[in-house]
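Following this line, the structures themselves.
The following pair of complexes shares a single chain, chain A, combined with chain B in the former and chain C in the latter.
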Partner chain A sequence: MAATQLALLFSAIEFALVGAILALSTYVTLWAGLLSFATVSFAATGAFTATHLMSEAGFGLWPALAAGGLGGGVLAAAAGLLLIRLDSHWLALATVALILVTRVVVVNLGDLTGGSEGRIVPVKVELWQLVLVLGLVCLFLARLARSRFGTAAVATREDPTAAATMGVPVRRVQTAAFAISGVIGGIGGVLQAGLLRYIDPDSFYIDLAVTVIACVVLGGAYHWFGSVIGAIVFTGLPVYVNQFIGQGQSIINGVLLLVIMIWVPGGLIDPLRWRRLRERRSAASPAGAAREVAEVRS
Partner chain B sequence: MSGGQDGDALVIDGLAKRFGGLSVLGSVALTVPRDAVFGVAGPNGAGKTTLLNIISGLLPADAGTITLFGEPCHHLRATALARMGVARTFQNIRLLRGLTVAEQVMAGGYRLRRVGAARGLAGTPRARAEQRDLRERAMEVLASVGLADAAGRLAETLPYGDQRRLEIARALMSKPRLLLLDEPTAGMNAADWAGIGELVAGLRRTGTAVVVVEHNMRLIQEICDQVAVLASGEVIACDVPARCLRRPEVRKAYFGK
Partner chain C sequence: MLFLQQLVNGISLGAVYALFAVGFGVVFSTMRILNLAQGVYATWGALFAYWTVTEAGLPFAVAVLAGAAAGAVAAVAVDQIAFQPLRSRGGDQLLGTIITSVALWIALREAASLATGAAPLGFPPGTVPDGLLQVGGVRVLTTQLLAIACAVAVTAAIHLVLRRTRLGAAIRAVGHDRGAAMLGGVDPRVAILTAAALAGAATGLAGVFFAAGQTFTFGLGDGLLLHGFAAVVIGGMGDVRGAAFGGFLIGVIQVLSAQYISASFQDAITFGLLLAVLVARPRGLFRTVELGRA
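And then the complex of A and B:
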């Protein structure tokens, strides 16, 4: 009993870690002001590319990850160049279409993908490997946030017009965000395949897109850490809770979605709300109040 | 007025813009010298903001030429112009939500950042030095507009007048060669706009050319070296403010007599 408990817990943690990587892929596009579901397509590209190479060319996990990331990145760069001209909701719809197209391609490229039969994944992913990759992705994003790109992405998200007058190349920043999202999504797809050990066209479909978006938006779309927390809550927790309640996953997800949307609209990790709260608190304190008064008088 | 000299910051000639059937700018010609504060005045709907949007590259012109520091630039969009040293503020203040006052100003220094993605990611000493310089300069710029004490506050919680100052600070952070201000004193009380006036007049000493769209005639008289008056998309007068405002056509456009 204790052994199965432990196994379930590990499984939940593993899926949460991969979920976090996929969520971070979507986070990068939102960072630059683009709502995109394309992470699923990037993950599928990475997963099927890597699985093929692992089965046929004897690739180990690390070269397969590199190939998967490259595959996702190339697809994302191409899709970005084509789609970014679209307005926000049309872009979102176009990325949903991309998921549908990806599925059709996967089904019809039987020689490479196993078609509708799917394919066994020959390499198993270990927990430490997931931790390492997620850690590297987080480090990358934290550094990126402080770089010139971070400033450009935030300015583009908040006000593309103002951003352009500050010298930010808005389209190029968004295309770059798409490409980065593709690389991270591709890597996430390879790891997801390594956890599932068997992938078919349904492994990367609309339901995964919904979960990933839920992780990002409800975890908090204004800081990369939000995606990580979101993934623990929306992919890890359901896997673990499923043992107690049969269809627990869908019920819990639905209830959590509603609760967060209504009472924590900025997501679980919301730096903006924290800043506002801090400001209100400092205004309420005597020193803060004195400063406010001084400002009003001056 | 066409041609202009080497010493001119901005030369506009034959500039025209229509929105559908509506002609907003007829054929506008202007020359803004370096080190000058140049006013653009005129009644509502005269085309002032459209003119500013075209100069800053947010709108393409239908006809005409724009020369910036001797370089033709009417084909360039906003990002490229910003890189050439054009900065602007907006009539309806456009701050970036969620940033503190200091971060807001640092974002304005985007065009000066030289450390590329690879160095930034590696966190090299050069990347950290740039970050530090940016912060220091942002504090200097904030001090120059009188907002040093507010550096840590959330930008959107500032009082209205301070938000205007902050937007100007963000523009100044990019070390602009040409600064475009769209009604910097709109909605302000007298004490506040006098402060903005001093701030803008002080820019003359820093070698920044300023084009300021403004309704407030007293402010224009105080701070502008020259003023062009627009009416229905045409420049009806362009002169030093005191003379300009005495002209009958200007009085007619403004007061209807």
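And then the complex of A and C:
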């Protein structure tokens, strides 16, 4: 009994880690002000490319990750160039369409993807590998947040017109965000395939897209750490809690989504709310106000 | 002759998509909401129509009305629970409303699954009109005719309401600029609730006619959501006539491509067309002029 509990806990942690990588992929596009569901398409590209290479060319996990990331990145760059000129609502629609088209392509490219029967994934992913990859992705995003790209992306999200006036190449920043999202999404897809051990066209479809968006938005779309927390809450927790609740689990999930969205609109990790709280507190004590001035200057 | 027969089948399937697309288009163009919960309105519309026939023993015409009413009630409830709290907060609601609509999609779908025991259902024989019309060798079922007539009538009615009445003008004004509409003396609540109810009723009807021709499960709305979504994007959302045309087009393409090309390419052609239209003509095949929106 204790052993199965432990196995379930491990599996929950593993899915949460991969969920976090996929959520971070979506986070990067939101960072540049683009609402995209396309992470799932990038993940599917990565997963099917890597699985093909692993079973036909005998690739190990690391080269497969590189190939998957490359596949996702190429698709994302192409999709970005075509779709970014659409405005926000239409871009969201177009990325949903991209997911539908991706599934159709996967079904019809039977020789490469196994078609509707799916395919067994020959390489298993270990927990430490997931931790390592997620750590690297987080490190990369933390560095990126402090770079010129990070500043430009925030400016683009807040007001693209103003950003363009200040000399930010808005279109280029958004295309770059799409491509980065694609690489991270492709890597996430390979790892997801390694966890599932068997993938078919429905492994990467609307339900996964919805989960990923929910992780990002409810975790907090204004800081990369929000996506990680969101993934733990919305992909890890359900895997573990499933054993206690039978029917109606989705109703609880739905209500949870609704409640968080209405009462915690900024998400669980919300740097803006924290700053406001800090400012209110420091405004109360003069010493705090002085420190605030020092912070602003530094 | 086979071609004509399949064309009729395609148009009647398209009528279902058209009803769905009209509902989706009304919500998207007047409220700027990408409503993923739309599919479950159809599911609940179909379920209520089914119960009206099997549990209450009432005729099919009453069941159709019950389905439309159930869709309208579901749409108004979803709007008030999921969208109103975000709307009253103001600001850009696209992301928030997507999440809350997903929340209700998941919850209402599961509720439908529990209500039906996840079992496949079908209208018992004899409860659905089973007449058959022979027009020069082409067989047309009464339900197919009903679906087509209903789709045309609903599209025309919603179009007239939106374009010719004061209420319709109010709905469009709120969609265009809520603040300015309020200054002009429009009560946004009435306008939004009417739009939601119209959309829900059309979607509920889509569910009833989709379910009438086959066995269905609680997942009925999901397939309808994807195809209706394709229809509405291809036809364009600014005008309900465009959305309805998109629906008929998708229906015909689906049936004809299954007949003449291959059933496995059916969705490839539909969704490929969807992506091509989005890239080439993002406002749909029938672009409406939109003034004043940045």
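What we mean here is this: the second predicted complex is superposed on the first by the 280 of 298 C-alpha atoms of A that agree within 3 Å, B and C clash if a C-alpha of one lies under 4 Å from a C-alpha of the other, contacts with A are read in each partner's own complex, and residues count from 1 in each chain.
Heads up, the rule we're going with is that a residue touches a chain if its C-beta (ideal position, glycine included) is under 8 Å from a C-beta of that chain, and two chains touch if they have at least 3 such contacts.
Remember, predicted model here, so these are calculated numbers, not experimental data.
The superposition on chain A brings chain B alongside chain C with room for both.
Legend: residue contacts after superposition of the two complexes on their common chain; A:Leu53 is shown touching neither chain B nor chain C. For the combined model, the angle formed at the CA centre of chain A by lines to the CA centres of chain B and chain C equals 90 degrees after rounding to the nearest 10. Of the two partner chains placed by superposition, only chain C is touched by A:Ile213; chain B is not.
Contact with chain C, but none with chain B, is seen for A:Ser88 once the two complexes are overlaid on the shared chain. Of the two partner chains, chain C is the only one touched by A:Val255; chain B is not.
Between chain B and chain C, it is C that contacts the larger number of residues in chain A.
Residue contacts after overlaying the shared chain place A:Ala162 against chain B, while chain C stays out of touching range.
Superposition on the common chain places the nearest Cα atoms of chain B and chain C 12 Å from each other. No residue of chain A is contacted both by chain B in one complex and by chain C in the other. Chain contact summary for the complex, chain C toward chain A: residues 28, 32, 34, 36, 81-82, 85-86, 89, 94-96, 98-100, 102-111, 114, 222, 226, 229-230, 233, 264-265, 267-268, 271-272, 274-275, 278-279, 282-283.
Across the complex, chain B meets chain A through its residues 56-58, 77-79, 82-83, 86-88, 90, 94-100, 106-108, 110-111, 113, 115-117, 120-123, 127, 131, 149, 153-154, 157, 159, 170, 174. Residues of chain A touching chain B in their complex: 140, 143-144, 146-149, 151-152, 154-155, 158-159, 161-162, 164-170, 222, 271-272, 275-276, 279, 291, 295.
Interface of chain A with chain C (complex): residues 30, 35, 82-83, 86, 88-90, 92-94, 96-98, 100-101, 103-105, 107-108, 206, 210, 213-214, 217-218, 221, 247-251, 253-258, 261-262, 265.
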